[in-house]
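Several structures are given next for inspection.
Below, chain A partners chain B and then partners chain C, in two separate complexes.
The block that comes next holds the complex of A and B.
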């Protein structure tokens, strides 16, 4: 995925649009991540100032959501649902296959790819489910995921 | 007293007027309907196991230990989050509840050290016993190998003992209002965190609220490990700022283990700040001097002597000076750091043993304009409210005060109110923290130029008059209508409009109008102010302007409103109450009043001088001119704290005898001939009076390290001069205060011990004291409006000195730093820093953190610069905590026209980069007849400030007669060239001619 390179100026512009909204901390962090692909440490103070909350408040939210990341993302991100419904229709196998196909372990990442577990994508009827760079896939196989990643990179 | 364990009711008290009856384990309780089941049970004497609940915090319901059963309801609700309702039948014990609690507790204990370092301090282990937990069956992953955070100098955070109950996070949020803590991550990874950094790098202000709230040993005072568990408690009062927090001094033998804020303390209700909670180590610092010392000349080394010798030496010298140079050649200064009793005996010694009224107090340099201004308008020198009142304010107008640094515990209370919806207007040249800080934002910040306070308050009053916002019912019922009519005419003049004054104040007129409307149109608006109001050439005028505003809008005489000076020191209120001013006897009664004098003359068996004595600056001037020869200085470092250091040093050098009574050798003692070692607050027995007139007991937790109480030393000195005072203890001194001072007539140590604290007036009419003053009528009868013309200060930015310097203090340090510099508080602030705006810094080639030379017309000093947007362009700011930087080398001897309170808040300066460090302080010497120059300045300043729409010469003559010594009056009459005086002063002199010469 293509993100704007981090700069505090660009971040200020993002925060100008979010800090006045209700519940601004989470919205701001998500907006920053959408823009830059991640929320660097130095953004914590900026978000705190913009939303008039403490750094600790921002840190609490930032670390609570697994979806928010503090380091730049790899080129592609693959998430596989490992919640109950998907497990019952083969997500364990999907994880094993994906680890082989992508040559990396679950919860590990390199510059190109990361594999992460996710607990329910709300797509239980079509499990096992996965998500590649934000795109939802039902009845997923490791090959599907691999093709999609190739197509996206 | 043995160790005092205060009861914890689990949740805060209910406030509802709706009382319901419930039955808990068969016991009936009647209780407000918004009370939790947990609190209701505790009040019925039934304690329910709990971990995440404590009564200083709102219920949270996370630990699941406090579950109960309620007749007719399913499940086991948590008793902390479930409110009572009428007829409820609750059981707190059953087999099912035991099983649940044991199960929960077993899970907690599986990830908690079997033996914690905190020992009995750990509520967890106690609770495990209470719920009957016998064994822990679980094994597996735990947090027991996490590292400790020792970065804070006073407490440890040991995550291995943490059960993530959130009490610390909530204490930081709800009580302190700093929001420095959070829970990071989620699930098993959840940990208490100071935003992912160590405590010292975080936003933590080290108030100690989290340590107090922690139910385990996770957050613990380090002294608990180094000294051991305390075994006894003494309730006493903090000796730092004017908030006057009550503490339990927890002792192990003679050693102080920790100071724990006392929940029943009227001022603080269980909260504290870094100074009171932790910065008490100076009391036993190795720099303490505990033996009296004397020396012939200030260049001689000190010689330690016995008390008898030192007292005899001092008395002999004082008597010799008086016989050679006259009765008036000696005097003394009382300290606002000392107890009421200690201060009372010093002023008594000066009036009775010295035989003159040359007594002044360090309040001269902070809140003397409050004394003058509130006496003129309301009739007495005191804040009108208790601190609790702020919780009922709809708007708070905060002027020239920075509570989060200088009055932190009040600031927390104010922040609580602001988070609940109270609106805030800040009037300050600086962007103080309260203008915008997590979860708080001021509605208006009137960022005025230093020195233009009166212009702002007049502009606000103008808007209120012009837009029909005056509360005429209140004014008609409560105020002096002649004074009101004169004031209304004055304030309505176009020159007082915000538009006309915008050029002076630099505050947009529309912003002033909005702020004035906000203040005037809510049901309850309160004013809180600090030294940013008083320490100006128009300090007294500003205080009167504030009083006018409150009266005009009817914001006086009930809860939630009022005029509240935030006192700088622990006992500023008390030292003023105790007759420390040269023109006033205890209880703010003028020395010229024969009836008042008679009360004291009978009690003291002496004859009192009816003329006012010298103020501190008069003493300095007179010392330089050679009239004033000897001074007794009780606990005040005037050589560092008073303005224009070179002038003060010259005065001290000119004196034949300087007696200093202090804990440490300080800047002033460099000029002293006698040093009487003082006692710390931990050794004192007496009372302090805080900013809300609350008289709190100060109880000794250890024996005096000098062998004597300070009041004994004063009494001994008086006796050696031939005047016996004969008290056996300090309670007897309070009895004498009560016997002679109507506002204190009901006060005694016995009553204080019984009630905890008393807000004066305490007398037959108000036997338990007076939380809110001026309820039905003002102390002086009718409230008096005073005309307050804005007279710009003579201290102006010029081409040579284009910036305006304003000074203040910081959270971790306190005034001249004599105490706090001798504690670990230097971790936060180890030197004075000059705050400068980016544009001013850039213009001068100054970089952040570099040395700069700061110069004014009276001196130069060097300190480090910090580039910040907290000051506007054209204004710079620093603190005065460190003698090395000596910020007062720069400040001038300009002062308030009515009280001589120094104009610390405005000094024209220039800043330049410097290659050298702070050793390069330069003092500019004073020339000529300094005293006569001061007399001319003061007289002209009075003339410029009195209202001109009535005969101003009468006001000037009256003022001079009330506050000037006969000697100064005579010099004004006889020695001053009339051409140097304003026409009003000349007219006044003609009026007063007969009087002065008679």
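The block that comes next holds the complex of A and C.
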């Protein structure tokens, strides 16, 4: 995925479009992440000003939601469903296999790849499920995921 | 005339190759000089037959599945585009027994129509309910919904009409309709399929709700794990606005109704209605104390109807066909149909919409055809991660709100997750606590701390450490969480834990002996 490099000018433009909406903090942070791939710490004060709330409020929202991140994303992201329906068809094994194939641990991240758990992708009759850069994969194997990531990078 | 071929666009079907199948059909028909028109419909819900390709013929729609790219050549060789026989032939779609046995009300159009065609939508009965609602008084709409017996499909099962009446009767300059599309329960996907397969039905239900209670603004809160549903609903809203349905003059009635969407942030607890309101207001998804009820003090402090996707999507059919037709289905106080979702280790998974009162065994064995692995069935979790684990001896339970409660479980959002004998129920119990620890909003202590202590205690039991003492401690903790938590997250996490201990005690005791 391609993101704009962070700059406060570009961030201001993003915030201009969101800060007037009702309940603007979360959508402002989401819009910043869409644009830049993450929400740098220095954005907190900008969002607070634009939305007329305290920095503490913004920090609170930024740290509450699993989706929001404060560091740049790796090139590829693999999210593996670890909830019950996928457990029943081998998601624990899929996680182990994926950790081996990708050479990284769950919830760890480097510049190239991150493996993250997700609790349900709504594909519960075709598990185990995973999402590679936003693309949903059913009946997933670690090799499928690895091939897909290689094809994308 | 060009041939109409349906290849589902539903995210689940795309996850197993539907896009490639559609591309291959397009390429092959071009190579053969055939004029075809590919419609990307929703899924019929028989996920075990997907990707299922349908062809329109004079006799009706003929189905083939599961189709892979490798089958496309031979399908054309067998003239499937005119309904020819092939090894993947399933016959007329409407005659497929698995589908024919169902009673589709909420899902009547899902998989049948082009999800974003308003022409298709109206040809199949769309907007009839709304047009009727526009001729009724607020009071009459609320009465119709109340009389239908429709209860909240999100999990709590609260009568929709009574909630609507409270909002209608509360005076305010502004009221809201909020659709809870934060379908986070593992084993559930009906909201997603409806939003992707028939989004106009949801918008119609919301518009009717708005007319009924006097709200002109509405929000659909969709979880971020459902990017396709989010995109489809946004597109449907745009089309409905251009059509003159949504906006300042609903179908020329002079009444206003606007719908916008909000995307979740990957937080399970935001499916709890008050946490969802906080999230829509842009704040941390922290649960509110009740009272005040959202029907009186909801979004931005205004009276708010909060209903699940399936609840709202059922309203158009009730208005179109009348309350009596709906309440003729079901058992006891669980009237109408429920959209069950067969998931996990199941041979024939997917959507089964049928009247309340079907048994769990019928769902798992008759529709589901047992486990996918072929190993014996051991446990079924009904109602999501906060629902009970039921043993094989409970398969005769009737699937309705009251019977499941009596059996020590809950219906929840209608998810049915099947496990074979390889499951370790102590591990499942531990996961329930761990999930609660990850997703707790942190507001109340029993949930925030209890979940972590619970996971630690189950680990001790799994390690064979003072098993009897720790089991007693765990039950105590479950009692505190059940009675002392603010919302269902902490309050119901003990349900899977306790049911696992009750029905599968051997998995907890095994380690003591080992």
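Here, the second predicted complex is superposed on the first by the 153 of 153 C-alpha atoms of A that agree within 3 Å, B and C clash if a C-alpha of one lies under 4 Å from a C-alpha of the other, contacts with A are read in each partner's own complex, and residues count from 1 in each chain.
Following the convention adopted for this analysis, a residue touches a chain if its C-beta (ideal position, glycine included) is under 8 Å from a C-beta of that chain, and two chains touch if they have at least 3 such contacts.
A quick note: this is a predicted structure, and the numbers were derived from the prediction, not measured.
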item: A:124 touches, of chain B and chain C: first, second, both or neither?; value: second
item: Partner chain in contact with A:64 - chain B first, chain C second, else both or neither; value: both
item: Which of chain B and chain C A:24 touches, first, second, both or neither; value: second
item: Partner chain(s) touched by A:10 [first = chain B, second = chain C, both, neither]; value: neither
item: Winner by number of chain A residues touched, once chain B and chain C are compared; value: C
item: Partner chain(s) touched by A:55 [first = chain B, second = chain C, both, neither]; value: first
item: Contacts of A:44 with chain B and chain C, given as first, second, both or neither; value: first
item: Shared chain A contacts, counted only where both chain B and chain C touch the same residue; value: 57, 60, 64, 66
item: For the chain A and chain C complex, residues of the former touching the latter; value: 22-28, 30, 51, 57, 60-61, 64-68, 81, 83-89, 118-127, 129, 131, 134, 136-139
item: Chain C residues touching chain A - in the complex, by the definition given at the top; value: 11-12, 14-16, 47-48, 50, 183-189, 192, 224-228, 262-268, 279-286, 300, 341-346, 349-350, 372-373, 381, 385, 415, 417-420, 423, 428, 431, 435, 438-439
item: Interfacial residue positions of chain B with respect to chain A in the complex; value: 178-186, 193-196, 202-203, 436-441
item: Chain A residues touching chain B - in the complex, by the definition given at the top; value: 44, 48, 52-60, 63-64, 66
